[in-house]
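Both complexes shown next keep chain A, but they swap its partner, so chain B is in the first and chain C is in the second.
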Partner chain A sequence: MDKSRQTIVMFWITHIGLIFFLYPADIIDSLSVGHWCAVLLGFSIHIALVAVYTKGLSYCAPQNVIDLFQSVGRVFAFAMLLPLTLYLFLLMIITVRAYAEIVTVVFLGNTPLWTIMLLFLAVSAFICLLGIESLFRTGMLVMLLFFPFLILVVVLSFQNADWHYMLPLMDRDTATFAYVLRRPFLKSMFAFIGGFLFLGFIPSRISFQGRKIVLSSLGLIPFFLVSVYVPLLTFGENTASKFPFPYIAAVDTVDVSWLMFDRVTMFFMISMLCFVILFLSLAMWMALLLLKRGIPALNDPSASLLLIAIVYSVCLLVPNWSAVERLMWWNTFPRYYAAFVIPLVVYALGMRHRRKEPVRA
Partner chain B sequence: MLRVRSYSLGQRQRRKTVLLYAEGKIHAQLLQSIMEKIEKLPDTDIPDLQALSVLLGFSKWALITRFNTSELPQEAAFALEQGKAVILLDRFPFALVLPSLLSDLFVSQNDRNFPVIFMFTFRILRVIGVLVNVLLPGLYVALVSVNPEVLRIEIALSIAGSREGVPYPALVETLLLLLILELTLESAIRMPTTIGPTVTMVGGIILGQAVVQAKLVSNVLIIILAASTIANFTVIGFQNATALRLCKYLLLVLSAMFGVLGLFLGIVVICAYFGHVSTFGVPYLSRWKAGRKYG
Partner chain C sequence: MLLVVPNPNPGQTNVNIITQSGITINEILDKIDRNMEKKVDLLHLKVIIFERSVAEKGLSQSIESFMRARDISDKTFAAISDGPLEPLFDKLQSASESSGTETYDYFEKNAGWSPEVVQTRIWEVFRSMNSFTRDDVIPIVKPGLSTTIESAGSAVIRNGKMVGVIDSEESLLYNLFKGAGTQGKIEVMDHATVKIVADRLNRSSAMQKGRAIMKGKLRLKVTVLETVGSPTEAQIKSEIDEQLSAHFEAMLEAAQAKEADILGLGQYFRDKLSRDDLRQWRTKYYPFMKFEFKVHVIIQDEGLLKTNN
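After this line comes the complex of A and B, so read on.
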């Protein structure tokens, strides 16, 4: 049965959860004028990768990435998937640690970090253990509950916008794509890459149409642009670049007289965090899948306990924010591997698969 | 076309059981699984609905009811028409409708006897009721004890003022009053109608007024819990309402620990649980359509 809608919703959730916190700061850091260019460049890379990936997957339809790689050979699969597993582990560690830090900085100053990390891990492990179909349905319900709120905050966040800050649209730096190899831009790609790999892992029961996913991901462009431009329009480039989380700072300036709450930010952030939790459980589910394939003796609960124990203990070892940033930078390499190599190899194998059985109705 | 299958279940205590369904409308896999379950164990005694739910293979500890009970023939007929299955048990005064879905919390067949706009208004009211019921107590605890800075300063001050002199933390305060409320509800169930109003008066007016004056709880909390309890009864079905009442406590504890973050993550956990539950392959969160394929 076609579950494109659920897949699209999950796709949106994973991306929206990633966009609003760290992404704007990276983009604002990477260039001073014409940020739209960086956003759109990142986005076009993203959409090209998603298209290649879904195309490749559709060629070898009922197989997922692991089966596909294993059909070539065990060693090949191991060599291909090991960096991916590493990437997923680092991703979980960074996500848990970074978001726990953000939470303590912004609104739970007195709560110790380890409890928040434990909460994140416990909730996402619970959701992950319920299975991928439950996860998708949960995503639908969470989207239904939180998305209207998100839209409201996005609309409200334009309250203090000064549109003159939009100009100039271009300069030499932007036009020559000189920013592409700068560190902040390379880092910013995490928002585009982390979210779509799950498409290759979901079982064939949950079928989806790649074309619909690609089309629906176009709907994410406004969110990417808003997340970067709202702080720019509110504060101007010079000020916005000083904030660690520019979009959050911009939403903090919003004053809504008819609301009983003083800080809309908090509810906004927390609904984002709920999306992040779903993203985390999705990543955890993928990591579990890989782990179980690698060590067949493990069953679901013990594998997840092992996973949580590893992630949690590494998270505890990360001392401060600069260490988190270092980890993020280290994760850039496995990320680019996961983002470029996996989809391209899937596409190549898919083509091979298709050539082998040319008559497939 | 209506089909009736009669069974006589149990050994010591034979109970006539009737499975009703509309042929051509019911989801084939659902029908088959129900029939298989019933026919496999014809000797199981069914003294109560717990035994029936064990017979049908549902988890004993499930929070969500897998069958809705209804005493209205119109509801059962509508369920049949929609392709659901109805079980009637001898000596039970209601019909059991399978499967139960999230929409059963909000949608009643009786709504369709009103103009469409009214129908949607009622349904939206019920959705709001569910949210208010589940969220308000947790939100109060979160805002009072962990994240007071979220509120506007005027409201924060007035709530703080109303809690002046209350000796214990917001969580204990809320739990105490919730306990009283639950006791009131429970005691009112088997009360003769002539004494019913007395409980309302003692519980509502005397206790409510006195407890505030004695500075045992804040009056804002009384308002919040009253609103939450009223909202609880907008939900259709007693079992659904009870499930939501229980969810409230999870949110309460999480809010006391992690503030608004705990509240929202609690919602995600509840959503995940709802997403996990399914009855004979029909997910609890699916939208029911006659003749649709699930799974």
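After this line comes the complex of A and C, so read on.
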């Protein structure tokens, strides 16, 4: 059965959950003029990778990434998937820790971090244990419930925009792509990469068309641009670079007298957190799949308990925000591995698979 | 520091005023918290009033701490008290009939705001502190004789420091520039009194021989409320033009002399100057900028009486 729609919704949720918090700060840090250029560059890399990945997957259709790698050889699969597992673990640790910190900074000032982190992990583990189908269905529900809020907040966030801050569009620094190797830009790629790997893991009974995924991801461009440009237009570059979460700060300035809540940010945060929890359970589901393949003795609940225990205890060991940032920087290398090597290898194996197929028939 | 705390009881509302002093705002809050039976939560803080002497010394540190604090909303209004704070707060306490929200109502658009009063929020001051091309004004208030609060113009803030004052008429022009709306403002002139019903401002900027030139055309729609003698329509129009242009030029000159770009005119030169030049906007270009201001008046109607043409 074609489940393209659900897959697209999941794809959107995982990305939107990542965009609005850390991404704008990274982009604003990496260059001072012409931010659209960096956003679009990152996005074109993203779209190219998604296209390669889905193409490769469609060549070896019923197999998922793990089966595909195992068909080459056990050692090969182990060597390929170990960095990916490491990446997923780091991703979960960073996401839980960073978003817990964001929640305390933005609205739960007096709640201890450990409770928020425990809540995140417990909810996402629960969703993930119910299986991938229910995860996807939850995604549909969350999208229906919270997407209208999100759109409302995105529209309202333009309230204080001063369009002159858009200018100048370009300068020498931007035009020569000098920013590409800067640390903040390299870090900013996390928003493009974390979200699409799951496409290779979902079982064949949830089938999707790669072309539709690629097309639908084009719809994410406005969100990437809005997340960077709303703070820039509201505060100007000099001020926007002073905020750790520029988009949240920009939404904080929105004053709507007819809304029942004084701060629109609450609306926004709560819908975002639902997206993030779904993203987390998806990452957890992928990690579980890898873990169970690696250690076949584990069953579902025990594997997930092990996983939560590891992630939670590492999260508790992270003392402060700068440690989170360091972790994010460390995760850059496994991230680029996951983003570039996995799709390209999948594509290569898919090509080989397709060439073999007619001979066998 | 003084805090006005509305204390709602069924039937009537009292206002408590808490006073405490200290070096930093957080230290004061901590002291208040220690001595109070309730917890101080500033989430619903609506207006912050600074004493003039404090504003003249510089607000940067306070504004930054407000922005950093997670419980103070960035949308809180900023205001400056012309004299010491105590008389103003005494007045607020003695005149507290509407549940202690006078200061907020005074600035709130749906309540008692009027176009001569500037609305400035904490985040706008913060933005101007870091901007090359934009300064801000903060409204000045003082205890009124018959009303609780009286407007005393606005303070010109440059890099977080109060450097000058503009009067109410000039504040109106500032609001006009900011697009805050001047509807309902009444202009009194020698031969007529008119009410502004709609306004629109077109601006264009150019650089000529290293000098910034700006053209502004203001279109006003007014309705006649009162005439003295029997002025013609053209006479009324030219009077409005003269009056507003004179005010505008006076304000701009005063602001230019202080190198404070309160109208954010540098914004219009962002694409015409390089980033390094923009850094020097306040000192190198702004004071020598030429502004051609034109007013175009449309008299929409003359009320229920005819005037002669």
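In this text, the second predicted complex is superposed on the first by the 358 of 361 C-alpha atoms of A that agree within 3 Å, B and C clash if a C-alpha of one lies under 4 Å from a C-alpha of the other, contacts with A are read in each partner's own complex, and residues count from 1 in each chain.
Everything below uses one rule, namely that a residue touches a chain if its C-beta (ideal position, glycine included) is under 8 Å from a C-beta of that chain, and two chains touch if they have at least 3 such contacts.
Quick caveat: nothing in here was measured; it's all calculated off a predicted structure.
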Overlaying the two complexes on chain A, which is it for chain B and chain C: clash or fit?
fit
Given Cα centres, how many degrees, to the nearest 10, is the angle at chain A formed with chain B and chain C?
90
Contact-wise, after the overlay, does A:R263 reach chain B, chain C, both or neither (first, second, both, neither)?
both
Kindly classify A:V105 by the partners it touches after superposition: chain B alone (first), chain C alone (second), both, or neither?
second
Of the two partners chain B and chain C, which one touches more residues belonging to chain A?
B
Taking the superposition as given, does A:K212 touch the first partner, chain B, the second, chain C, both, or neither?
neither
Between chain B and chain C, whom does A:L278 touch in the aligned arrangement: first, second, both, or neither?
first
For A:K292 in the superposed arrangement: first (chain B), second (chain C), both or neither?
neither
Of the two partner chains, chain B (first) and chain C (second), which one does A:T239 touch, if any: first, second, both, or neither?
second
Looking at A:R137, would you say it contacts chain B, chain C, both, or neither? Reply first, second, both or neither.
first
Look at A:V33 in the shared chain and tell me whether it touches chain B only, chain C only, both, or neither; answer first, second, both or neither.
second
Between chain B and chain C, what is the tightest CA to CA spacing in Å in the combined model?
5
Overlap of the chain B and chain C interfaces on chain A comprises residues 107, 262-263
For chain B, which residues are in contact with chain A within the complex?
146-147, 149-153, 155, 257-262, 264-265, 267-269, 271-276, 283, 285-286, 293-295
Going by the contact rule set out above, which residues of chain A touch chain B in the complex?
1, 103, 107-108, 111, 115-116, 119, 123, 126-127, 130-131, 133-138, 140-142, 145, 205, 259-263, 266-267, 270-271, 273-274, 277-278
Chain A contacts chain C in the complex at 32-33, 105-107, 109, 162, 164-165, 167-169, 171, 234-236, 238-239, 242, 249, 252-253, 255, 257, 262-263
Within the complex, chain A is touched by chain C residues 44, 70-71, 73-75, 109-110, 121, 123, 126-127, 129-132, 134, 264, 267-268, 270-271, 274-275
